[in-house]
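Below is a structure I'd like to ask you about.
Going in written order, the chains are labelled A, B, C and D, and every chain counts its residues from 1.
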Amino acid sequence: MKKIKIFNDPIYGFITVENSLIFDIIEHPYFQRLRRISQMGLSYLVYPGANHTRFHHALGCGFLMKKAIDTLRMKDVNISEEEEEALYIAILLHDIGHGPFSHALEHSIVERVHHEEISLHFMQLLNQEFEGKLSLAIQIFKGEYHREFMYQLISSQLDMDRLDYLKRDSFYSGVAEGNINAERLITMLNVVNDNLVIEDKGIYSVEKFIVARRLMYWQVYLHKTGLAAESILVKILKRAKELTKKGKDLKVSNALQYFLATNISKDNFDNTVLELFSKLDDFDIISAIKLWCEHEDFILSYLSNSIINRKLPKVVMQIEEFSSTYFEEIQQKVKIKYELNDDELAYMVFKGKVRNQAYCKEREQINILYKNGKIADISDASDNLSIQALSKTVTKHFICYPKNIL
Amino acid sequence: MKKIKIFNDPIYGFITVENSLIFDIIEHPYFQRLRRISQMGLSYLVYPGANHTRFHHALGCGFLMKKAIDTLRMKDVNISEEEEEALYIAILLHDIGHGPFSHALEHSIVERVHHEEISLHFMQLLNQEFEGKLSLAIQIFKGEYHREFMYQLISSQLDMDRLDYLKRDSFYSGVAEGNINAERLITMLNVVNDNLVIEDKGIYSVEKFIVARRLMYWQVYLHKTGLAAESILVKILKRAKELTKKGKDLKVSNALQYFLATNISKDNFDNTVLELFSKLDDFDIISAIKLWCEHEDFILSYLSNSIINRKLPKVVMQIEEFSSTYFEEIQQKVKIKYELNDDELAYMVFKGKVRNQAYCKEREQINILYKNGKIADISDASDNLSIQALSKTVTKHFICYPKNIL
Amino acid sequence: MKKIKIFNDPIYGFITVENSLIFDIIEHPYFQRLRRISQMGLSYLVYPGANHTRFHHALGCGFLMKKAIDTLRMKDVNISEEEEEALYIAILLHDIGHGPFSHALEHSIVERVHHEEISLHFMQLLNQEFEGKLSLAIQIFKGEYHREFMYQLISSQLDMDRLDYLKRDSFYSGVAEGNINAERLITMLNVVNDNLVIEDKGIYSVEKFIVARRLMYWQVYLHKTGLAAESILVKILKRAKELTKKGKDLKVSNALQYFLATNISKDNFDNTVLELFSKLDDFDIISAIKLWCEHEDFILSYLSNSIINRKLPKVVMQIEEFSSTYFEEIQQKVKIKYELNDDELAYMVFKGKVRNQAYCKEREQINILYKNGKIADISDASDNLSIQALSKTVTKHFICYPKNIL
Amino acid sequence: MKKIKIFNDPIYGFITVENSLIFDIIEHPYFQRLRRISQMGLSYLVYPGANHTRFHHALGCGFLMKKAIDTLRMKDVNISEEEEEALYIAILLHDIGHGPFSHALEHSIVERVHHEEISLHFMQLLNQEFEGKLSLAIQIFKGEYHREFMYQLISSQLDMDRLDYLKRDSFYSGVAEGNINAERLITMLNVVNDNLVIEDKGIYSVEKFIVARRLMYWQVYLHKTGLAAESILVKILKRAKELTKKGKDLKVSNALQYFLATNISKDNFDNTVLELFSKLDDFDIISAIKLWCEHEDFILSYLSNSIINRKLPKVVMQIEEFSSTYFEEIQQKVKIKYELNDDELAYMVFKGKVRNQAYCKEREQINILYKNGKIADISDASDNLSIQALSKTVTKHFICYPKNIL
């Protein structure tokens, strides 16, 4: 009797897992941990529906990968059973290296270690545990397998990750305009010379995908209130590290304690560190912050309160850079009102910038396959001046400071 | 006891009509006729779900108008009860002048009379019947009412007509990517200096609306197979008129017979003509074409068969113009194969072009209201190079000829 | 290069047809005719969204059949390529014998010939044309193939026809409560001893399916206004036949003329009749009725007007039978007001009854497969008193008469 | 300038809050706490999409309340501005007394204090803070206001709470069959003699609502794996209390520590307790359980692991009671395998029962308003034998024990 596992999904209906290796990977504590990591960081403070997790996203990616494999096979692209399993595993685990709050704390818990490197680390450990059965998945994930399009299904402009997260984030946040038609895009995939291409009738769908993605960036991922919340989160961790290094006991979980007290970068990120990292999730962070709401350090408790009780700062965002006099004026007011030194002030008033390039031909081009067999980058299609326009990087500047000071 | 009428709508759920004048207008045979006019012409030959009618579209526009009025009132824009009723009536009747197959036959049944002029004609007749109660609606419809934004709710880039038809056509055709978030766009409407504006937080939604509209044009409204079907339909009518003028009795309904035999233009479009026009709908046309499938005239029967049994011609569409040698070569082959004279040939092989300008600042600009109170056209917003790009007119050329001749 | 055909469907997204025989069947004029037959008869007069066709429904059934086959194969039920093709064809053609307005005129155009018999007739003709390739499909359709579950996929309580039409009719009518989860029900199908069963975890889904079906019957299929419209339609045809037999020329299409003038029953329904039948669709009927709006026969024109301009009669519906005095009283008033003889009166005032049995164990039971391997009818499941209750036949009586006479 | 707050909602689109008192209540830390309480307890371990919160549910209830008020006013039910505000506040706060994991821990944190009593406590505290502005809301919530239907909008078979939670839980869990048509049900509400009634055309909708609710109970709320997870959660808290009372320091948050160490019931639930209660949420519980995964007490760590790593026990559920020999046999095996004493055994092997009565006429009847003005309970409607059947209470028994012991 086959072990078939069915997950309900509000988006795709049912996600069916038939493969028992994949099933065992899903049941592994490393993967179960993703249930406790918010897919969109603190965006739920802006979009109250956005409580979905990395766990569900990973399953969704697997679902789309299966669709893509079915489509390509229908178009006579040869994909073996072994490759199918490897592709599924690779997409399932591509994000397993995410720490608490996904991207929000990516460079706060550890330093300059990208979550994909940690994903690879996890995959290698799992490969040992599963006796080498993940080797092909790892090869594809690293881009070392000779069939390039398989890597592109994992990581490219139209990879299954991106198709799922845009659809899922738009769905849960309720920003319906960000919705993309993942199914249709997949229907139009094909492979030429071992590269993923989109058939030309899909050209407007791709354009719409790029516009939807840009909209999601400005309206959701880079929403000014969300940005403020995440900046505060980063600053809380920074303050906590400082205090820890000054010898304060912040009474947090052992795993979090370790990362507050130790500087971890690529060089010292070994299996012991990974084991501790695998214990960390959103719950360690939020319960610590709840505790810190009453901490004696003013900065720590002030910022913690602003997250827990959603007393977020004022944020101004604009295309132009802020003048230094304007910024200094605000600093001055806050400094006086809250009686802060310069070090403390940097936690309360700060600025930054965000960038968004909807389409980047150089980095990750989208190839269109024309009926006559020719292949060209989408931005070179004569009708797509708009995609050329979307290739321009847009930068916005923001500034955060306590409300009610002006 | 109030007479409340509820229409089910797969898109909006329920469309409620409380007003008894509006209810009576809906019940009028002129309006009921819209039940027999396909909203998207012959597009159902390409998208089998697209069987929705002008009737349902008109009700949908009314629903959105109510939403828009509610939103504007919430923002302290003053709209009286009388104006509300007039706005509802004007949008309900804006398309009542459409003839069979909506746009497809707009210039075949009558000549150079735009459907909006016929709508106005109908409205004036109804105004007599309803003893002047439509006067304000007519004033708004004609753009003669002093509050300009009211006309813009009926006819502009973001009017209720456009919001409903894009949503509805995308829904029924199953081209989900054309879906627009009408509700959200309406939420962001406001009125400044008697002009409709969109609040600046809606800038990306508007951009997405324009892109969705462009996609709908290329993928649906200007779909090459749909174009071919509509071209054939026009040619069938043309041939039928020719034969009628040569004295053949084509055995069609009296109303259709009249329009086949008589050249109607603005000058002779009077109440008698309108009465006959009001009898015409898709059923006259399709049952005539069914009959003509067995007509002795080869051209008429050939073209009729291609619609009824969906034996549509080959269509090639491209950005570049077709060379005349290429075109003549095809003409030659068809001429020989079917033994045609030049006059007949023009029914079997033909070319044309279509144009699409997603956004036209000159004609109908979309004004964005910024937080600082400034108003600017959306294409002038610094971040919207893509909208500037979308302002370019794209032209495509097509050619149609019988399959299996090459 | 494989010929893949993709149909957009607002419900399932994309319906893909890969098989070239199936593709050719879809292109056949017999099948294309279904584009001109309303799936829900005249229900669009009550639910303005319900303009979908038999054509789209048949494609939807094919889509679900493919899902069912995939599911059963995943559960190790062996289905050969040849059987798959036959199942697809059988479900695609199961309704091809429907005449204009589907069930509404089923016994008016011809007498006592069920649409399924006509479907079989069509299938046999197509089988000749396609050189015997439909033989297995026909065997399954007739219930003569040894693998019983295949027939059950075509015709039983949970066949693909029913799953699609409930979902589709609920979707297009906008009666969202009738929506069923076809996908989930299919996921729980299995085959035991060559019979279709539902796994026990699906017991509540089946119950909900039965309740949804009952709701659709009372709220949509047996909606009193819809019933009235269909009764009028039947009466119009009856009157037209009477007048035709009296020698009046009703100026309708040849095909319709034939059926008005000739009594067709099982005995004389041969290939010639079928050929004429294949020319008939909704357009013949509606354009005839439009014509008849101005016919000299009062009854014919009165009834025709009530359909075309939606001036439908008053309908009263109730559980109790109407008393004969009540009925006669109404008859009397109408008779006097419209100056009718008894024969004519029967067209204007009439009564009838409708029955609805949500679940019938005797006719078509739904077998539940329990984890311990036992199989039992769903109404015998201890927890399902409600299904037993739903097995009771409910009868309602209705009466129709002109408005404004009381 | 009016302060309008818009929340995105994947279900209703936009939830608009215009009232500044309501806005301030939403911003209050008591209400913000609901962001950290899972609406469906641990159901996300079964349905990975079910991560929505009490916060979002409460907003959804407010949205539906507004719809209901609009509908009733349209039907000439008089509702003042003040009553509208009070109704909105009452439904917004009806669940504010929920502790961590909603119902799952309702009787573990405190003893025999129903969450609605705690809600009332919170409302009274807020009423002080907002200077009496919640008095009418409290009166309605307590059922003490003279207009009975207002209480019924807050608490009855068809209250806004139930309409939202069924819709929302079905949506997020992906159990699409549980979906109810809240909008349609509300459309058919009316008030007669100060009591909420449903117009008779809604009779099948109500029936479907009851069936959907029953399905949600068996398939979601009483899903055997979900039940197991919640039972384990309760047992973890019980064990933690035991250990705390034995003097062990479990290193948890101060608030949780308090409730582990103190028996709180109605009698000693004062403002101080409420203040501590207001600090508790899912994060306290899950981070404690994460810690306890490595606790020296075998039972505590075993159970904690089974939640965190989703190593849930085996659960058998059936209609019949389990025989005591069967139960004892399992106990014996577990006792030996894990070397447990009887006290410990009770944490590892346990049984229970669940009950579900879909409709209870005695407790909360649903009144149907017939066209003739009569009112009757829905189960007395002649056609609704199924609702009578649904009134029967169904009991199921379950048993839980460690996997792999048999």
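Criterion: a residue touches a chain if its C-beta (ideal position, glycine included) is under 8 Å from a C-beta of that chain, and two chains touch if they have at least 3 such contacts.
Because the structure is a prediction, the values reported are computed rather than measured.
Fewest steps needed to get from chain B to chain D, stepping only to touching chains, is 1. Common neighbours of chain A and chain B (chains touching each): C, D. Across the two interfaces under comparison, C-D and A-D, the one joined by more C-beta contacts turns out to be A-D. Compared with chain A, the chain whose C-alpha mean position is the greatest distance off is C. Shared numbers divided by all numbers used gives the overlap of an interface; between chain A and chain C this overlap exceeds half, so the copies present the same residues.
Measuring from the averaged C-alpha position of chain A to that of chain D gives a distance of 32 Å.
Centroids built from CA atoms put chain C at 50 Å from chain A.
With centres set at the average Cα position, the gap from chain C to chain D is 43 Å. For chain D, residues touching at least two other chains, in rising order: 13-14, 176, 184. Taken in their complex, chain A has these residues touching chain B: 176-177, 179-181, 184, 204-205, 207-208, 211-212, 214-215, 218-219, 319, 382-383, 385-386, 388-390, 392, 394. Those residues of chain A that touch chain C in the complex are listed here as 2, 4, 6, 13-14, 16, 18, 74-76, 183-184, 187. The touching residues of chain B, when paired with chain C in their complex, are 7-10, 13-14, 27, 29, 32, 35-36, 44-45, 47-49, 51-53, 55-56, 59, 171-176, 253, 279, 283-284, 286-287, 290-291, 308-310.
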